[in-house]
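In this document, chain identifiers A, B, C, D, E and F correspond to the written order of the chains, with residue numbering beginning at 1 in each.
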Amino acid sequence: MNTSIRPSGRAPEELRKVTLERAVARYAEGSCLVKFGETHVLCTASLEDRPPPWLRGQGRGWVTAEYAMLPRATLERTRREVTSGKPSGRTQEIQRLIGRSLRAVVDLHAIGERQIVVDCDVLQADGGTRTAAITGAWVALHDCLQWMQARSMLSAKALKDHVAAVSCGIYRGTPVLDLDYAEDSAAETDANFVLTGTGGIVEVQGTAEGAPFSEEELLRLLALARAGTEKLVTLQKLAVS
Amino acid sequence: MNTSIRPSGRAPEELRKVTLERAVARYAEGSCLVKFGETHVLCTASLEDRPPPWLRGQGRGWVTAEYAMLPRATLERTRREVTSGKPSGRTQEIQRLIGRSLRAVVDLHAIGERQIVVDCDVLQADGGTRTAAITGAWVALHDCLQWMQARSMLSAKALKDHVAAVSCGIYRGTPVLDLDYAEDSAAETDANFVLTGTGGIVEVQGTAEGAPFSEEELLRLLALARAGTEKLVTLQKLAVS
Amino acid sequence: MNTSIRPSGRAPEELRKVTLERAVARYAEGSCLVKFGETHVLCTASLEDRPPPWLRGQGRGWVTAEYAMLPRATLERTRREVTSGKPSGRTQEIQRLIGRSLRAVVDLHAIGERQIVVDCDVLQADGGTRTAAITGAWVALHDCLQWMQARSMLSAKALKDHVAAVSCGIYRGTPVLDLDYAEDSAAETDANFVLTGTGGIVEVQGTAEGAPFSEEELLRLLALARAGTEKLVTLQKLAVS
Amino acid sequence: MNTSIRPSGRAPEELRKVTLERAVARYAEGSCLVKFGETHVLCTASLEDRPPPWLRGQGRGWVTAEYAMLPRATLERTRREVTSGKPSGRTQEIQRLIGRSLRAVVDLHAIGERQIVVDCDVLQADGGTRTAAITGAWVALHDCLQWMQARSMLSAKALKDHVAAVSCGIYRGTPVLDLDYAEDSAAETDANFVLTGTGGIVEVQGTAEGAPFSEEELLRLLALARAGTEKLVTLQKLAVS
Amino acid sequence: MNTSIRPSGRAPEELRKVTLERAVARYAEGSCLVKFGETHVLCTASLEDRPPPWLRGQGRGWVTAEYAMLPRATLERTRREVTSGKPSGRTQEIQRLIGRSLRAVVDLHAIGERQIVVDCDVLQADGGTRTAAITGAWVALHDCLQWMQARSMLSAKALKDHVAAVSCGIYRGTPVLDLDYAEDSAAETDANFVLTGTGGIVEVQGTAEGAPFSEEELLRLLALARAGTEKLVTLQKLAVS
Amino acid sequence: MNTSIRPSGRAPEELRKVTLERAVARYAEGSCLVKFGETHVLCTASLEDRPPPWLRGQGRGWVTAEYAMLPRATLERTRREVTSGKPSGRTQEIQRLIGRSLRAVVDLHAIGERQIVVDCDVLQADGGTRTAAITGAWVALHDCLQWMQARSMLSAKALKDHVAAVSCGIYRGTPVLDLDYAEDSAAETDANFVLTGTGGIVEVQGTAEGAPFSEEELLRLLALARAGTEKLVTLQKLAVS
């Protein structure tokens, strides 16, 4: 008998089924199709031989990310952002988050005056697209750096650690891990955590959707996230081994 | 021994390996992942309950298409069109072509005052993305119409025929079928043909990239295309049966 | 007694009255006001002393075209494209076609690292604006190249051939040449042909507006177009002589 | 012997040759090709059956203007404004001026809940395009109102007066009328005057390009403008009679 | 003797001098000029009599925020965002945060089908503009709701609690409160906290700029923020009393 | 007893209370908060070390201006221009006017290859924002040039004269000085005058809102403006002394 309070039937601390499939894009220097249940994101890492203009001549490189959703990744078709002429605020917020998360584990001097662009394109969305994107983007980035390593393009070890992300939330009063869309839309509190392989916090973003939350709740969500990202890091290790 | 003049080793009249995988998108009313060799296009058909504004109150519906490429579908990363604020001329030309091709085989009165948007997103590009898109879009559209049929939303049979497309070109002096990127960039003449299941021509677009071509050459390309689209229609029939 | 099936009373293979008036713009290096009946297009060729950025340092030049309509060129006033912030898909398709057609008859090495921009502005539209534009643009381009020749700016003969264009269509079941607006809106099939002075095909664009068309029909339209462009080339020769 | 200080050889108080050709656009309700010497502007008046949204339900109409230049109207080719996505500040300033000038002589209640858009497209520019545009736009507007009158669409006499415009300037210390481009670029002071047929001032715009000017100079320019617009109004009367 | 490690000489747990000046804008329903030291933000609350389109007919209202900086609010002049045609990602992120923070303490049903827009315009920036904006926006919102209350426009008490925000960071290894620009640019970790008057957490945003941070550090920052926002709430109470 | 015809109770030739507060912006090289009654404009002058691209290498600099209004500077909230993607025609007209007015009194060679951008941001609007902006911008510009002088960046005296501006209008048949919003919206004629300290005219812009005006009326408005700008120049002298 399913006694779970979650629509998905999962236990509160249970991730969705996560898969990380490498080398899915023929041309990219690194790529990963990441699935968190029904959320599917295609991540490709592209090496560009010049850093962004504002960084030129400083002897180091840059890692950035772009994020988008296919129009019918969602339950209802979403209008393409090109049609309105600019990325939405949500899109920009997410791609800035992914970029910061990746840069937290990369030695930008080691990659020299180059740029790596990680594109995260959501093929199907069922909640948690940004956390899936970060988790998969790490794999694509890893493979891109390995590609560079094989061509002696790195002046030092460039990848300092793993980075993975997961959402948590308070759903019907219970802290739960890795919200899917049904949970996300009904959660009282929603938080995204980005952690490294060694357990350091790279980013915390917690938002009260309804009533404010307490310090104790924040800590319970963080504990869930810590356990979740540990599992994600294990899967990353398996994927790239 | 491979005596083909084609980089791919194919015979002049040989299609790439074509697959049409249905129902690949969880939410769309119809969907198809079409592959022409290394060219992969995800087609989703989305039903909207209103026609475009200029068609309201006329008792019929509309079928339209949008087309885009993921940034790293290509050998070199391509800048997202949202970044420049508008779809390129090439993108607009292609999505207009796909839309016209699909409308040629649909009874717009039968679908009532509704719109079907077929999104064709290129996951990987190796030449012939527009012809693959048309061929796969037909499957997505077929399934969307079947979905509508099952809900008694069609006033009559809406799908009048198959439609499929293929490119041809004169490569090193020889007319060849279904150009991949290596052939496409070197071809003297490039032509796209859109044909119906009964062999009618919906669209012919032939362009001399180098020297002008002759009527005879146009006819040889058309003959190749006719044979090619016949095979594609057979594959469509298998896919939806 | 007028027994023509055409609203204009023309015979099926009859062009509208075509005039090509040279040197109509005071400042342009070449210019031509072309009239196909009530369709009037002002074509100016402007020499720029640098090629487009992507072509720099390759020892050759470029010919490109831009196309626009005055707001009241049409029966109903059309909104200026600047108001919506970008050229429409139709505009971009047409200007790409004009550019390709002109480049087919120009030796881009002979003009050196420069660019010629041919602007085609429709003063009045009654169908066939793109074909009139190509036909007139050739004259403007010819005069611009002559202007360059007179200043020893060409390293070789730059203009390899004439190029002219005409539309054809199947109107009430009959293939007819050079459709005006009334015919164009009612035609079952609409095709534009761009041919050189020596009869080579530069571009074929045929579209079934209603029922698909057959190979035989395509050939009948091509035959009409061939006769029509021959007359247009004769008029070009007279204009520049 | 030409003792004029003006590059054109004109006397200080001499207009360029002005012509006003009516009914030059096949579809517009009113049209006029106005030439002030080598400055040529095509003005078309288009009747729209609804006023702008902010005026609906108020029982009166609106007259507005749009202004643009063809790319090669000028000595050097000018980039199309659609390419940069918006009309320039100069363009907007001019079209607002033309609109205000026309509205000054129209009874907006008499035209009912409709809008007349007067498009002023500069085919060739040699200074004074905005003043030529206003002068020609009046003729196009007159004919549009006459067209409406003939269809009993006016509730009263709608056109209250003539309106015409001319530029003046201080060129090499001498006040001169109707500056062409060579004079305009070198003038110390540049002023545009819009006057009615009865001599009322609708708009004065005087700008010191170099040293500030005095009240006396302003009055001398106004006197020149008054004489100039009287001649322009006479030409308008001839044109529409 | 100043033994502080902070450039400003403040103690780690010391806010800058904060002032909240009400009723500074003549026309707005509520307004507040908030200063956190040299960071000055003008907040105005504007009542609109309709909710955003997507909320119509649902019997409740909306509170949203917009954020911008004057060009010379910053050390170097910043380009106006209107010049690039769209708000930057940073701007959108901040205005979404302000809006969410305010909505957390408002009963949207009580304000009926209306919208309150709180504009936060940074007149001068020295770090912490978003937290100053939230703190001042609450005052402007309070006064707007009072204005509505005085006109019997509220169906119930609309303002449920105070909300205030402050930044914290780890600067040279020490957790400090309310970072100014000099500290912000050098901080290893940067976190913004939005808390209610009753101590509930509305939003936590913590980012590792350099090395990842630990749970313990997060808690120390939260403790600082809690003390800081308590003081800010006290100042809000004084301001509106 | 107030016998004034003006809503404000002022005499026809009476300015509103004008204040010019210097050095109000911490970072700008020059700044001024100008108030014409309830119209408040913050002017900052920013020195940039390069001229605009089109002026490079010509040995002289440039002075330009930008103008904007805060959303709730006005009675009803005005939409931010960034939301529509471009400055309105009115905004562009005003910023061009301010720039021209300032350049009329600056020796552009003396400032060398640099640019001064004067930002005029309207904090509160009650009519006459452009004239207040010009008057205050002069003070900001003065202080910026003094800042440059103190750093030996000027090759000669750069500021040649004062410049100040004021609006006049015919209100209920009477010429009045310095219109506030209530007067401006009802005035029959509206004119803006920009004059130098020595009484030279830099710019005259007079517009008949209703009936055309006469030469005599223009002169009476100019006389009012002359007296008004003399007082404004006196205030500028006091401000910078």
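Here is the rule we use: a residue touches a chain if its C-beta (ideal position, glycine included) is under 8 Å from a C-beta of that chain, and two chains touch if they have at least 3 such contacts.
Keep in mind that what you see is a predicted model, and the values were worked out from it rather than measured.
Graph distance from chain B to chain F, where chains that touch are one step apart, equals 3.
By residue number, more than half of the contact pairs of A-E reappear in one of the listed pairs B-C, C-D or A-B, namely B-C. We define each chain's centre as the mean of its Cα atoms; on that basis chain A and chain F are separated by 51 Å.
Annotation: 33 Å between the Cα-based centres of chain E and chain F. Among the residues of chain A, those touching two or more other chains are numbered 85-87.
Under the stated contact rule, the graph of chain-to-chain touches is a ring, a single cycle where every chain has exactly two partners. The assembly's chains link up in one ring whose order, counted from chain A toward chain B, is A, B, C, D, F, E. Residues 85-90, 92-93, 95-96, 100, 104, 191, 195-196, 198, 200-208, 211-215, 218-219, 222 of chain C touch chain B in their complex. Across the interface of their complex, chain A is touched by residues 25-28, 31, 38, 42, 44, 46, 48, 66, 68, 70-77, 80-82, 85-87, 117, 119, 121, 123-124, 126 of chain B.
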